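For reference, the structure I am asking about is given below.
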Amino acid sequence: MRKSIVAVALVAAALAVAGSAGATRHTGTFKYCTDPTFPPMELATASGKITGFDVDMAQKLALTWGATASPVKTAFPGLIPALNAKKCDAVISGIFITPDRTKVAPAIAYMHSHRVLIVAAGNPKGIKSPNSLKGLNVAVQGGTKYEEYLKALKAKIGFSLQSYPGDTDAVAQVLLGRADAVLTQDTSFVFQAGQHPGKIAIGFTFAGSDAFGIYYRKADAGTVGAEIKDGIASLEAKGTLKTLAKKYKIPVADVK
Amino acid sequence: MLRAENVHKRYGDLEVLRGVTFDVDPGQVKVLIGPSGSGKSTLLRCLCLLEEPEAGAVTLEARRPGPGEVGMVFQRFNLFQNMTALENVMSGLVTVRGLSKSDARGQAMEFLNRVGLAEKAAQYPEELSGGQQQRVAIARALVMQPKAMLFDEPTSALDVELVREVLDVMESLAQDGMTMVVVSHELRFAHSVASSVLMMDEGRIIEEAPPGEFFSSPKQERTKRFLSLVE
Amino acid sequence: MLASFDTHLFWQALSSGPYWRGALTALELTAASLGTAVFIGFAVALGALSRRRGVRSISWVYNWLFRATPTLLQLFFFWYALPQIWTGFAGSWFTPFMAAWIALSLNEAAYMSEIIRSGLMSVDPGQELAGRALGMSRRQILRKVVVPQAVRIVIPPTGNEFITLLKLTSLASVISLHELLTSANELATATFRYNETLLAALVYYLVIVSILMVFQARLERRFTWTSGRRRGRVAAPAIPSIPHG
């Protein structure tokens, strides 16, 4: 608790300095890369506007250092490369913190959640564990850790795997009846179940949890990285993230 | 033998043949002359069933001509570009008469020989001169053993020095007794082989006479005028 | 600081199984789609040249429909919309390759029909006249005289269409077809290196197109009707390629 108060004080002081400093500090617009195909974390509405938990969080985060957040639409596999190419200063996109990624760019965790196998309502193929997928049709979003995991599993037990550009596309395959299961996050299930009541169910929940993180460039550790760290701490202290979680029907315990 | 009876033909609003009655007997050579637009080519096309008249009938020996029975030689040769000279001549035999390639080849060579082009058998039309192409076209039509041969300005598209070789073939055909109808401006040819010469104007036959009489004392005013332009 | 080029990764990518299989898939899809498109396109072209107005309208509507809609949209339709019309299309027999093959064939057929129609129209009408004078049926003339000459004319623009189609196959990745670009992208995201991985994919595309160009040249020579001496000179009128959406 104390650490957070100190952090908030630091941020306030820093903000005071920021106005006059300019060069190394972030002002104006906070650009972050995101792939809006992973509701409720980020999604594009019919009018093309991007909304979601991550979007709201990014906005609140930027406010802690007096900037406004602006999403940069990027395909999921290209998120970290876009960060390194300076198309944005951070990646906020329901993306896990994993060692191979943090090797390239550091990340700050803000939420935990579980992976799930989504199946058709009533679980007609009786999928109770990953091994139940043997011989079935599975859909997944391409370029994700989900896909990586499923490829390894496929090599072991054997099933048909189809990869799609967006998470929603993959879930659609279960709704269409083409795929028997989709590997994704429980956050995604919460949203999709709301969109298609009674059509889908969770077949299996993975025990371990993953942390969603905000990635930033190694070189910016002292600037953007510090701002984000402080910002998240401040939002946590104020309980902002929990309020957002409630808004998007994400289990409150999962967020910081 | 080959007869057009009161044939009418129109293209859209234009009436090209206004009731033409024409016939040619076996062994006769008839030459058609007249200004452009008079309907000469159209009449020829009706005679070999390339066009269907709106009214009137075309008959060969009092019945409808069968495929290949009336041969046609075109002003622009129209040889099949994707076939050799020999294959061109064989084409009718193989496709229409159903002959085997080996049988057709023998007959085709005979007729290529007849027009003096045996050594060009393996050449493509692209590689032949205009006169040679026309002679191949004649062989192609002849090999079908037609009852009559029609020629639509066969030498008009040829360079002057190539005209002779084609006319020689036509003259030799006439001497062999082939029934021919020729549209041409080659008046010396008409003089030497025609049984009669006909003048067409504005879709009608306005005069017919043996060549001697036709050229020296034409009866119609329009014929006189046309001849003075052409001679 | 200039980033270094990882030659080892480049060669690794170039010789990897996924790249090879991806390239093969792209090539198979292209060949299958173009083959089918030529057949359908020929029928549509004949329809467009028909003397009956009803038949001409069918061809017109076909071309209008498939040229106006973007290829990507058609891919989506066959993959996502069809199962909603009949759930059978959600079965595993209806693979992404099959859906892409159907969509690309139907799409390409519209463009091919215009190319073929131009080719047929470019053949001297005197050829048909001569055929009819000999007593040949319209179908015989088409088969023995007009189509061979039209083929010669359409070979170059069809070669173009092959190349366009080859590049269009990468669109099928959105309906989960695993082809060359997918493999390249996967390797790029796993290694975070785009130069080497994409260059290797480029090499495959270049090789395929080069092989096509050799085949096309050979085919053009077969359709040059000169005996021996003047081989290689093709004096056919040119037809401009029709731009794609």
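The first chain written gets the first letter, and so on, giving A, B and C; residue counts start at 1 in each chain.
Note that a contact is a pair of C-beta atoms (placed from the backbone, for glycine too) under 8 Å apart; a residue touches a chain by one contact, two chains touch by 3 or more.
Just so you know, these numbers come straight off a predicted model, no measurement behind them.
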{"item": "Set of chains whose contacts include both subunit C and subunit A", "value": "none"}
{"item": "Most remote chain, CA-based centroid, reference being subunit A", "value": "B"}
{"item": "Separation of mean Cα positions, subunit C and subunit A [Å, integer]", "value": "40"}
{"item": "Averaged-CA centre spacing for the pair subunit B and subunit A, given as whole angstrom", "value": "85"}
{"item": "Inter-chain centre distance, subunit B versus subunit C - centres from mean C-alpha coordinates, in Å", "value": "46"}
{"item": "Shared interface positions of subunit C, touching two or more other chains", "value": "none"}
{"item": "Residue ranges of subunit C in contact with subunit B within the complex", "value": "124, 126-127, 129-136, 140, 144-145, 148-149, 152, 223, 225-227, 230, 235"}
{"item": "Subunit B - residues contacting subunit C, complex", "value": "48, 50, 66-69, 71-72, 74, 76, 78-84, 91-92, 95-96, 122-127, 137, 140-141, 144"}
{"item": "Subunit A-facing residues of subunit C, complex", "value": "80, 83-84, 87, 90-92, 96, 173-176, 178, 182, 185-186, 188-189, 192, 194"}
{"item": "Subunit A residues within the subunit C interface of the complex", "value": "77-78, 80-81, 84, 104, 137, 139, 142-143, 160, 162-165, 169, 172, 176-178"}
